[in-house]
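I'd like to ask some things about the structure below.
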């Protein structure tokens, strides 16, 4: 099974690039399942219902999010209406929306996707991501109710990301980090068979600070005073993601490689899909 | 001019891999200058004088460090005796050792190397890294007292790293991040001609948590209680670094590409050096 | 019912002062119940079994702790043997020891004591303190299984402390903060009848940095480099705590006032007990 | 010399209480000098020019601030026009306004007032508060260009506050902390003669979370999702501050005691002024 994950879409340039390229990628690469993180799709801050719908239209099977999920007020309500929208699972019970779900891939496989947030340097008041993952895996184990299991682990610290990967190693198909907006080159298949990559990077303008226009962030580092607002950068976007080949038999990963398309970073397509 | 930077050596497996491979890399790739970060070389915590000397013997021109610089007590004294050893420049005045220096490359070029630490999520009590860089660049501008300028920016947050890159863009040859122990795939040449990469990754065992044996870090995430000590992992190391081709004329970067050698990550050598 | 809470005993000077003065206070003030925080009693770092036992001998009904609970390795085992020892309740299930318990006061009242840790600026990986408190209160509500309920809320941020107070207001007799080692003067009875004080302060040497010898902490703020170790200060201790008069009928608070005995701070005894 | 310091005015209720009571306090207590922290005077966020002027009219000799100084955009410009307005001194050079100044007290004494911000848990990117204080004290030493020296040290962590106190002990008349909005009871005269208190508390409604309406802060702790905005509480305010008697001869402190007037906390006036 061929699964593609695309990192945080940032602003108009990021989401437009995904909308334009994703349909072609799905048909060219014969993708069975696509997950896209959309937490920064609306000008860098959250996601609107229209953007969500357009991303699903472009071929995403699931849209995940992260700490920016509620930046657009409407997310609090539309998250309840759309089955393919995930917010981090480790919000407390009673939070609108859901953090995981089982979805059907184009090849008929049942894919459990879970969106979990890290806490280190991030969002200490969320529930324990490890406990949260354990509950999700217990309720729907790989090889039983799920043919593949994917975690979008939205976190800052590489230690927490790597430990999370080891924690679910052998019990999930794929763990991919998001949130730093920088793609890492440490993709590997862990000892137990789980594909792992610390961060997928973002889909956005890499001539920027995390996809945001660099002027104000740089100003704040230098002057320590706000001058303007944070706005999404609007140069051409580079799409960053990662492709994983998942065994139909075991649900574990067979291959993992990055996908990058755009002007700023080294372009690459998983060679096992070419 | 051909410059190679290698990320944080972690533990015995990391430093041994560097010592074994670096001499061959220098001759095979005709390297003019090599910088190695050594802050975790002694069992994950700091660096001893012997390890420093062995690293210089293996061909490093400069050894940089980071937040772990003082973990081995002896560093406080030996840092004063060795010219090619750098601690972060933004420690307060009066701190032993030095944070930057000008060194001669094999091709005769004067290379300014500076080691600076970020503050976000890290070490808030250090001096401002941006002010610190400004002072270093003013005292020794590119094209005047320096033919090449390299910053090892030891930091956690990608926002701070990227803003730092933009801050010195056009005034330095190369900014490379260290500290997360995960190589990033965002190497690029910024608009002003400075080569940039958010993190070089580590030289260590990538079947681990940041190069440390994963058992105790994972235990702490799960049980929230210490059980044992943090120890360096001892599986085979992957060397992670980055190569930059610097213009002899302008001191700015012409090419940048990662270098990775070892069993866990995708191996690669800058193709412009093959 | 007369309840006395004493803040974190720090080092030998702090614990000795408590052991010497507590028996007299209990008889002079006719105290029904005494809780003492002991997380820094062993040289500033954790607590040993001997210190725990001596504190119980001196008249404490319960010893609470905080983030330093496991600093002395032996705590991991002795916490299981001693009924009157509490570690923070919001450690994950499976953690040795317990975070709350019901104890009998000298007047026969059943006193529920719970030790909970805040997360802001502190210990993000613990379970949600608010959820944790809710579970404790549901299992043993005031006026049903408990005649009085006391929370030692061990936390850094005043916002989290105050919100915690409001959260249990009317459902607990008393919320007292610990951890900052500085007594606050904001004791009051909240609208619902719960006595509240942001921090009890410590029992230790107030010519110090948080009860620790001030030389090394000050050195680190100035030089940013470790020079020596952190050691408890050894000047004469000031005992800091707070007294609460709890209604035998409702279990809510009728009076609250600080208690401070020692050379450095303004001495005071709750006037309603004189 | 009689100096009164009042903690952060929060919102309309806080500033109004100060405006109403300060003139009477100045005449009744024969105050020579008054400093008021105004960083939350405008609805909890920053301060406007009108509020500043009214506070000066009410008798404040200096208005200090903190991390909220720039919340109201107009502060960036009016800070330049008003001599008695201070922002934290450890903003980088080039920041509008000033962080310290020498002012004349009613008794003719020259009073150096400096506003400095801590960094721990706060604002890591500011300049080192200790270095900043050193520079201020060197330029204008006690007993030479200044007859009294007061620091408003705006910080979160009690360790940083206490170490700051020890750092300037014997070289300043008075160090008072602000920012936690909770008055502490640890006022004392340090060994070298400097009066010290970890936090002055706020002038605001103490039936709140830090002076803000408690509903939204509590909601965020419970639900982890924003529901509304943060708004200043509007119940009756308690004025919190501290009085210091400073020797006309040495500039060091002779007496220190809190001042609290209002409905929620125990009222008190320095007894040496009665």
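Read from first to last, the chains carry the letters A, B, C and D; within each, the first residue is number 1.
By our rule, contacts are C-beta pairs under 8 Å (C-beta built on N, C-alpha and C of every residue); 3 or more make two chains touch, one makes a residue touch a chain.
Just so it is clear, the model here is predicted, and its values are computed rather than measured.
**Student:** Expressed in steps between touching chains, what is the minimal separation of chain A and chain D?
**Tutor:** The least step count works out to 1.
**Student:** For the two copies chain D and chain C, is the contact made of the same residues on each side, with over half of the numbers shared, or of different residues?
**Tutor:** same
**Student:** If you tally the C-beta contacts for A-C and for A-B, which one comes out higher?
**Tutor:** Answer by contact count: A-B.
**Student:** Please report how many Å separate the Cα centroid of chain A from that of chain C, as a whole number.
**Tutor:** Those two chain centres are 43 Å apart.
**Student:** Could you give the separation in Å between the centres of chain A and chain B, each centre being the mean of its C-alpha atoms?
**Tutor:** Centre separation, chain A to chain B: 29 Å.
**Student:** Which residue numbers or ranges of chain B touch two or more of the other chains?
**Tutor:** Residues 92, 123, 125, 221-222.
**Student:** Along chain C, where are the residues that touch chain D in the complex?
**Tutor:** 121, 130, 156-160, 162-164, 166-167, 180-188, 190-191, 198-199, 201, 206-210, 214, 217-218, 221-222, 257-258, 260, 264-266
**Student:** Tell me, which parts of chain C touch chain A in their complex?
**Tutor:** The contact residues of chain C facing chain A are 92, 119-120, 122-125, 127-128, 131.
**Student:** What does chain D use to touch chain A in their complex?
**Tutor:** 70, 76, 91-92, 94-96, 123, 125-126, 221-226
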